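Order as written gives the chain letters A, B and C; numbering starts at 1 within each chain.
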C-alpha cells in the first residue's frame, strides 16, 4: 500500500513539476572569499568582483550526457583514455549509451571526471564555473543572494553534508526548491566540479592554517582562511583538494555556465 | 571553438604528413590511455611554431610549469633542473627534453619566452619552453600534471612546484615535489627506464 | 585472546631462522618478512605480538560514513575508521615498518585522511593520505617510538571529522613487549554535538555551533550511550590483572578517567614510558591516551566514568566492568548496618520558607512537576524517564510505578533501597529521600504519571500529605 502511494507520488511530481533545463542570467556582484585563498601583501582579503554570467538552472543529467557521448564517441565509457578519467567513469552506465536499470535518466550525471565535464560544457559552447562563480551561486539561499553568514542556512547545509550517504541511486534533479537565482540542487544532491578545482595551494589537511611551505609553493602573498565558522565552505574546500582531474565519484557531477572566463 | 580549430589543424597535419597508409586513423593517432599525448591542445615553442605534446613522442621528458615574471621559486626550479641535467649527463642519459610550460598566457608569448631562456642561459638543448594560447589550456595541463595554481592579483601565479617525468610514450612515471627535494631516485629511475 | 600462529607467521619464522643461521643474532632494527595487521573493533584488542624481530606490517583501514545509534532511539551519522567508533585498534612493534593503506568507501560524501600520532614526519601521514570517495592512498612510516597513540582524521573542517568519531588507537609495543596480563580491553572517550538535546529522539545532525562553543550533548565511551553497560559490560574475573587501553578522541574535552571502586596499580601516563602507580583518576587529554592496569580483588560491577561527573550522569560517559568470582569481606565488607543518627542539640534551625507556589490547574501542576523532575530526578532516571539499564529503574511505562500510587508517594518522600523488579528487570540500588513539600511531591508525580506512556493518574497535595515516607529501608525486604 505504502509502496503504491510512493510510486503514485513520484509519478505525480515527475510530471507536474518537471523543471525544464535553461540558462539563467546571474547578475554580477561581489563575493567575500571565505575559502582559503591567496591574499595581497597587506594580508587584506579583498572582495572578489563577479561579472554577470549565465548558469544552468539544473545539473547536467544522465540523459543529457547520453546525448553527449552519442555525438562524441571519444568520451564513451569504452573509449575514454585513462589520462582523462578513472576506471569507475560512468559506473552508472550499463554500456556506452545505456544506463543501468535502476538509474534515473533525470538524475544528475555523476562518475564524471573534470576532463569529461569540461568537454561536455565545451561541446555546448559553455564552460565550467570558476571557484568564485560557484561559491557566489552557492551562497544564495531560497530567499537571499548571500546567506553565507546566515546560521540557519549553514545549519541546513551541514545537515546535508552530514546525512547518511546511502548506497541507492542518486535521485533526479529539480526536486527541491530553487535558490534566489532560480537554480536547483547546488546543495543537497551532489557535489559539482568547478574549472579551477586545482587552485588550492594548501592541502585539505585542516591544520596548516593557511601557512604555506615556500619550498613546495611559489607565491607572492600569503594564504589565509576566511570565516572559520563556515564549515560547509571548508568541507567543499577539502573535497576539492582531494580531487584529481581524473576523479570519478558517485556523488560528483557538474553544471555549465556561459560568459567570459573568470578565475 | 579553439578545440574545433585544433582538431582541424590536426586533421590537416595528418592529411599532409601521413598519406595513404594512415587512412584508418582519421582522428588522432592512438597513444596509450595514460599518455599525456592524448591532450590535443596546441602550444607555441620559443620560435613561435605550433607544438603539441605528442610531438615529443619517443623522447623522455622532464616537465614543469613556471612563468617568466616569477621571482620566487621558479629560478630555484631552474637551478634544480640544471643539477638534474648534470647528473643525467653523468649517467649517460641523452635522448630527453626539459620542457617548461608557462602559466601566463597573457604575458609569456614566444618572444618573451625566448628572451627568458637566453637570460637564464638555457636557450639550448635539451631545454625548451612552451607558451600557452589560452588560460583553459594551462588549466588542463596543470590538471594532467597534478600541479595546483591560482592567479594572484598583480598578474602573477601562486603555484605548486612539481617536476614530472614522462616516459617515451608520454606516461607520467615519477614526480618530484618542492625545489629542494632529493632528485637522486628520479635520475636513477630515468637512467634505468627503458620505456 | 591467543591464537595459533598462522601460516604467515610460520613463513616469517622460517625466514628468521635462516637469517639467524646466516647472521648469528637478530639485528635489532632489521625488517624481516611482511604481514598484514589484524585489526580489531572496540572493545577488542589484537593479541600481543610474539615475534621477536621487526617486520613490514601492512595495515588496511577503510573509512565508512554510516548511520548508527548514539543513544536509545537516537541516530547519528558517524564518520568511522573501520565502521566503528572508536576506529579499529592497530597493534605493531617498535621498529616495524608500516605500509598504510587508507581507503575511502565509494558511498562516502567526504574526503578523509589520517594523522597517526605514532608517525614521525610532518602531518603524521595526513598530508600524504587525503583520500577522495572511492579511492585509496598508501604511505609508509617506521615506528620509531613505542607508546599508545591516537590516530584521527585531519581533513578540513577537522572539528567535524573528529567530532563525528574519526579516531582510534595505535599501540606501538616496546621491543621487549609489554608485561603479560590476563585481559586487555579498548575504551575510548569522545564528545558529540547534536542539534537536539540529550536523548532527543530520532535522527540528530551534527551541530556546528555547539561544537565551536565546546558544549557537548553527549560524552561517550566507545561511541554510544551504554556501549559498555549491561550485557556489554567488559568481563573480568577476580584475581585477574586487567589492562585498559584508554584513548580520548575529543574533539574538545579532557577526560578525568576513573574506575569507581578500583585503584590503577600501574598507569603508563598519557600512554608514554613513565609509569605512575596507585592512581584512582588519571588525565587523558583530547588526542591522547593512557594505559591503566589493575588487579580485580573483589567481584561486582565497576563503573568507569569521566570524573568530571556531570558528563557521566547527564551525558553518557559511563561504562562497566563486571567481575565474577568469590567475595572477600576483608577487602570490602559491603554494608554492615545502617541506623538513625540524631546529632546532639537536635535538628538544624529551619530556614525561613520561600513563598510556596500552588498549582492552579492540572497543566500547571504538570509544568511545575517537570521542573522539579529536571532538578531532582534526571541524573538517575534520565530526562526521558528510561533510567540506566541495571543501575536506575525506568519511570517510563513503568509497571512498578503505575501499580501503586501510594507506594510511589512514599518512595518520593522517604527514598528506597533494596531489590525491586521493574518491567521484568531487577534493580538493587539506593534512592535517597527527597526533601520536597507535599505540593512538590504532588507536582512531580503528576508529571511523571502524565509522561512516557504512564497511567495519567493525578496526585494532589492532600494525597501526598496523607502518605508516610516509606523509610530508607523497607520495600521489598
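Going forward, a residue touches a chain if its C-beta (ideal position, glycine included) is under 8 Å from a C-beta of that chain, and two chains touch if they have at least 3 such contacts.
None of the values given here were measured: they were computed from a predicted structure.
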Connecting every touching chain pair, does the picture come out as line, ring, star, complete or other?
line
Find the most central chain, measuring centrality by the gap between its CA centroid and the centroid of all protein CA atoms shown.
A
Work out the mean Cα position per chain and let me know which chain is farthest from chain B.
C
When the centre of a chain is set as the mean of its C-alpha atoms, what distance in Å lies between chain A and chain B?
30
So how far apart, in whole Å, are chain A and chain C when each is placed at the average of its C-alpha atoms?
40
Per the centroid of Cα atoms for each chain, what is the distance between chain B and chain C, given in Å?
57
Touching two or more other chains in chain A are residues 244
Quick check: what residues of chain B touch more than one other chain, meaning two or more?
none
Quick check: in the complex, which residue numbers of chain A touch chain C?
86, 88, 151, 154-155, 158-159, 161-167, 191, 203-207, 229, 231, 234-235, 237-239, 241-244, 247-251
In the complex of these two chains, what residues of chain A are touching chain B?
37-38, 40, 46, 74, 81-84, 114-115, 118, 122, 125, 127, 195-201, 213-221, 223, 244-245, 261, 263
As the complex stands, chain B meets chain A at residues 1, 3, 27, 31-36, 38-39, 70, 72-74, 135-136, 139-140, 142-144, 146-154, 156-161, 177-180
Once bound in the complex, which stretches of chain C touch chain A?
65-67, 77, 106-111, 113, 123, 126-127, 130-135, 154-161, 164, 195, 205-209, 212
